[in-house]
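What follows is a group of structures, each given as C-alpha cells.
Each of the two complexes below includes chain A, the first together with chain B, the second together with chain C.
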Partner chain A sequence: MKKIFLVLIAITITLPIVFILLLSLFSYYRFPLLFPKDFTTEFWKTALLKNPMFIPSLLNSLILAICNGFLSTLVGIMTARALVRHNFKGKSFIKTIYTIPLFIPSIALFLGVHTVMIRLRLINSYIGIILAHMIISIPYAVSIFIPFFQGISLDIEDAAKVLGCRTIGLYKRIIIPLIVPGIFLSFSISFLISFTEYFSTFIIGGGRVVTLATLMYPYINNFDLGNGATLGVIFIGTNLLVFFIAEYISRKKLKTDSYLFE
Partner chain B sequence: MIFKKATPYLLILPILLLYGLFIGGGLIGIILESLGHIPVLGLHGFSIESYIVVVTQKNFIESFLYSIYISLTVSLIASTLGVVIAYTFITCKNKSIQTLVKKTLQLGLIIPYIYVVFIAMLMLNQTGIFARLLYNTGIIATPNSFPELIFDRKGIGIIWVFVFKGTPFIALFVINVMARISNTFEDVGRTLGSGSITLLRRVYIPLSSNTILWTSCIIFAYALGSFEVNYLLSSISPVPISARLYSLFINPDIKVIPQTMALNVILFLLGGSIVGIYGFTLKQFLRRISR
Partner chain C sequence: MKIQLQGITKAYGKDKVLNNINLQVKEGKFLSILGSSGAGKSTILKIISGLVSQDNGRIKIDGLDISNYPVEKRNIGYIFQSPLLFPHMTVEENIAFGLQVKKWDSQSIAKRICELVKLLQIEGLEKRLPSMISGGQQQRVAIARALAPKPNILLMDEPFSSLDSKLREEMGELVKEIQEKLNLTIIFVTHDKNESLTLSHEIAILLDGGIAQIDTPKNVYYKPNSKKVAEFMGQCSYITGKIEGNTFHSSIGKFKVTGVEGEAILFLRPEQIKICEGDTFKIESYKIIGRQVIYTIKSENTYLLVEDSAHDILPVGKTIGLTFPNKDLHFWKRHQQI
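Presenting the complex of A and B:
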C-alpha cells in the first residue's frame, strides 16, 4: 500500500515533465492524440539559436541567483549568530520579524518594495532585484542557521579562545567548518528562490532585466505549446544541472548522502 | 570592549536595514500614496476617500472571500497530503522508493509557479492530457463533456497549481524533521499497542508540528498573494484579490493610483492578519488532534 501510494506521488509529479519533454520535440498534437507526433528540432533551434534574449536571460538568471545565494547566506549567518550567541536589545523583536516577509501576501509586499525602489532609483537594476529576492530568501537562511549555531557548543568556542584564537580564526577554523552543510543548504534554497521568482523580477526589473522566468511569461500567456515546453525543459534542466554540481561538490567535501534536505 | 558590545548590533544591521527600508519603508510609501499624498504627481493632502471607493466597489468582498477560499483549500489539501506523504515516506523502509520519491519531490520544488501554470493548462484543459486519457479510454465522448477545470469559477486550476507546488514543499520540510525522530519512539509506541494512525497523531505530528505550521502558513500566504497563478488562471468573475490589485496597478490612469495603493494596504495588513489567524487556528487544531 505505502509503496504504491509513494510511487503514485512520484508519477504525478514526473508525468507532466515527461509530456513537456515530448512536446518540445514533436510538433503535431491534435485532440485526441495522447502522445505528440512528427519529430522536429525546430523548437530547440528557435529557443537556443534564434531567440536573441535567450543567452542574456540565462546569464541574468544565473548572476542574480548566485548573488542572492551568497548574500542571503551571509545575512542569514550573521542574523542567526546574533540570535543564538548574543544578548541585545530588541532580540525578541528580531526573532518575531525575521520570517515576516513570507507571511505577507507577496504582491502587496513587492508593490510596497517597488515604491521604495523607485525613490532609491534601483528600478531596472540588478541590485534592486537582488535586494528584492533577498527579502524572501533571508527568512529561510536564518531558520537554517539557527539550529546549526545552537549545535555548536560554547565550550568549543571558549577552548579555542583560551588557546589564543582571535575572532577571525574562530570563524575560519571552528564555526565555518561546522556550519558548511548549512551553507550549502541555504545557498541552494536562496538560489532556487531567485531562479524561479517571477513577479518581483518582473516589476523591479521593469522588463529591462529579463530572466528565464520572465522570458517564459508570454509563451505561457499565449499557451504556445512547443516553444513554452522547450523553455520549460531548458529551465528545469539548468536548475537540475546546478543542483547536480552542488550535490557533487557537497558529497566530495562533506561526505553526506544528500545535502538538500538530508 | 565597546567593539564587543557592538558585535550583535553589527550582526543584525543588514537584516534590519533591508527589512526596515524595504518592508517598513514600502508600507509607509503605500500608505502615503493611498491617502492621496503623491507630491511627484502634484497630489497633496490626506483623505481616506480612496479606501471608501475600494471597499464599496462591486465584488470587493466577493474577491476577498474567493481568495481566502482558494488559500484555505490549497493549504489544507497541501498540508494533509504533505504530512501523509512524509509519514508514509518515513515508515516505508524501502530505500530505492525513498530515493525516487525524494528526487521527484525535489523536482516538484524546482519548477517555478509560472511554469506550473503552463503544466496546468496542458493537463486540465478540455483538450488537455486528462481529457485525452478519458476520451481514449471511452469514458467521455467529446472534449466538451470534460469539466471546465481552468479559468473556472471554483478556481480548480488555481488550486491545482498551488497544491502541485505546495505539497512537495511541505512534504520535504516535514520529512526532514520526521527523519530525525528516533525509532525508539516508534518501538515504544508499537510495543504499547498503538497503530499507524495513533503513532502519527501522538508521536510524529506533535514532534513536527512547528514545521507543519510554518510551511502551511507560507503556502497559505503565497496562495493569497501570488500574482502570476491567480492572474493567469482566474475566471472573469469572481476575480482573486491579487489579480484585482494587479489590474488596478497596470491601469494607466494616474487618478487610480491612490485606490491601487489603498487596496494594497488592505491586502498587506488584512492579508497578513488572516495568515496569522490561520496559523493560530491550525496550531490549536494540531494540538487537539495530538491529544
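Presenting the complex of A and C:
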C-alpha cells in the first residue's frame, strides 16, 4: 500500500517533466496522440544557438539567484540569531510580521514594492530585483535558521568563551559549523525562489533585465510550446543541478546529517 | 593567595542574589560552595569566569586584579552541569579547542592531548564524536578540555549532577586524585552535602546571598557558627544550660568543659549520642532513613535526636540510657544564637 502510494506520487511529480521533455524534442504532439511524432532538434538549436537572449538571460538568472541565495541566507542568519538570542524593542512585533510577505498576493505585494522602488530609483536594476526577491525569500531563510539557533544552547557558547574564544572565533568554530545544513538549505531555497520568480522580476526589471523565467513566459503564453518546453527543460535542469550540488557538498562536509537534532 | 573575592555583590533587577561575598582560596586547595538551589552559587562562578559581571567588588588571581578582564582573557577552567561538548568535534578536537584558540603549535597540542587522555582515563575515545560516548565519558572529556590550556583555577558547577550516584562517587574520586596530582585550585559548587564533605579542603556555606561560614568540612559540620548553618548541614539537637566552673550543667546531665562562664547551648549531631542500657530517657518517635534510624527522645523540655543503625529498631515508649561525647564539644553562647 505504502509502495503504491509512493509510486503514484513519483509519477505525479515526474510525468509533467517527461511531457515537457517530449514537447521539446518533437514538433507535433496534440491531443489524440499517445506518442508524439516528427522528432526534431530544431527547438534545442534555436534555444541554445540562435536565440541571442538565451545566454544573457541564463546568466542574469544565475547572478540574481546566487546573489539572492547568498544575501537572504546572510540576513536570515542574522535575523534568526537576533530573534532567538537577543532582546530588543519590537521583537515580538517582528516575530509576528516577518512572514507577512508570504501572505500577500504577489501582485498586490509587488505593485506596492514597485511604487517604492520608483521613488528610490531602483527600478530596472539588478539591486532592485534582488531586493524584491529577498522580500519573499527572507521569511523562509529566517524560519529555517530559528530552530538551528534554538538548538545551540547559550551554555555551549559560554563554554567556548571560557576557553578563550572571542566572537569571531565563536562563529567560525562553533556556530557556523553547527548551522551548515541550514545554510545549504536556505541557499538552495532562496536560489530557487529567485530563479523561478517571474512576476517581480518582470515588473521591477521593467522588461530590461531578462531572466530565463521572463524569457520563457511569452513563448508559453503564445502557445509556442516547443521553444517554451526547451527552455523549461533547461530551467528544471539548472534547479536540479543546484539542489544536487548543495546536497553533495553538505553530505561531504558533514559527518552526520545534523548535530543539533539528534 | 591564589584567588580572592572582595565584596562581590550582584543583583538581577531588584532581586539581590549576592551580597558582599568575600572568599579566598589558597593554591592547591579544594573549596566547595554549598548552598540550596537558587542561592546564587553558580552566579559566583560566572562572576569569577567573567560570564556575568558583578555590580561591585573585585576579583584577584595571584594578586592580579582581573575584575574587568573579558571572559576569554581570564584563563579559567569551567566545568558546567552538563558536559557541553561541541557536538561537531571529536573528543580530540574538543580537548584541543582551547589550545588552538590560544595558538599552541600542533606538536604541543598533540602532546597535551596525550597527557590529558591518560590522566582522565579516556584512551581510545579520541576519534569519537560526543554523541558516541556515555555521559560519564563526556564529563571526563569536558574536564580534559577545561584542563588543557593549564588554567589558573578550575571552577566546577555541580559537574556530576547529571550522573547516577555510583558514577558520581567515581568521578568525585577521580577529580580529587587529579586535584592532588596537579596541585589544582578548585572551586566546586554543589548542593550535595556529602559530596562537599568528602571532596573539599574547605566548605563555604552560602545562605541568603552571603557566606554564612567558611571552614573545614569537619568544623562546618560539627562546629557550625549559627543555627542556620547547623540546620542546613543536617539534623541536630540543642541543649540549653549553664557553664559554671568548667562544668556545663543542663537538664540531661553535666559535661566537663573548658569555656567561658555563662548561659550556653550545647550542639550535638544525632550520631554523636549513643544508646545504652538505662532508664533515664524515653523514645518518643522514630524515623527510618535508609540504613539509619533517628529516634526523637524527650527529656523534660529538651528534644534529642539520636542516630542508630536501622538493623534493630527500638519500640516507641521504651526507656533507654544515653552516652554523650566527653571531649571537643561545641557550645554557643546564649546571646550568640541567631
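One rule holds in what follows: the second predicted complex is superposed on the first by the 252 of 262 C-alpha atoms of A that agree within 3 Å, B and C clash if a C-alpha of one lies under 4 Å from a C-alpha of the other, contacts with A are read in each partner's own complex, and residues count from 1 in each chain.
One rule holds in what follows: a residue touches a chain if its C-beta (ideal position, glycine included) is under 8 Å from a C-beta of that chain, and two chains touch if they have at least 3 such contacts.
Here the structure is a predicted model, which is why all the values come from computation and not from measurement.
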Which of chain B and chain C A:192 touches, first, second, both or neither: first
Touching partner for A:215 - first (chain B), second (chain C), both, neither: neither
Which of chain B and chain C A:9 touches, first, second, both or neither: first
Touching partner for A:146 - first (chain B), second (chain C), both, neither: neither
Which of chain B and chain C A:161 touches, first, second, both or neither: second
Partner chain(s) touched by A:129 [first = chain B, second = chain C, both, neither]: neither
First, second, both or neither for A:225, with chain B first and chain C second: first
Touching partner for A:169 - first (chain B), second (chain C), both, neither: second
Shared chain A contacts, counted only where both chain B and chain C touch the same residue: 260, 262
Contact set on chain C toward chain A in their complex: 49, 51, 71-78, 80, 82, 84, 86-88, 97-98, 101-102, 129, 131, 145-146, 149
Chain A to chain B touching residues, read off their complex: 2-3, 5-7, 9-10, 13-14, 16-17, 19-20, 23, 31-34, 74-75, 78-79, 81-82, 86-88, 90-91, 94, 97-109, 111-117, 119, 131-132, 134-135, 138, 142, 192, 195-199, 213, 216-217, 219-221, 223, 225, 228-229, 232, 235-236, 239-240, 243, 258, 260-262
Residue numbers on chain B that touch chain A, as the complex places them: 7-9, 11-12, 14-16, 18-19, 21-23, 25-27, 29-30, 33, 85, 88-89, 91-92, 94, 97, 100-102, 104-115, 117-119, 121-123, 127, 129, 131-133, 135-136, 143, 164, 168, 172-173, 175-176, 179, 214, 217-218, 221-222, 224-228, 232, 242, 245-246, 249, 260-261, 264-265, 267-268, 271-272, 275-276, 279
Partner chain C, residues of chain A touching it in the complex: 153, 155-156, 158-166, 169, 173-174, 177-178, 255-256, 259-260, 262
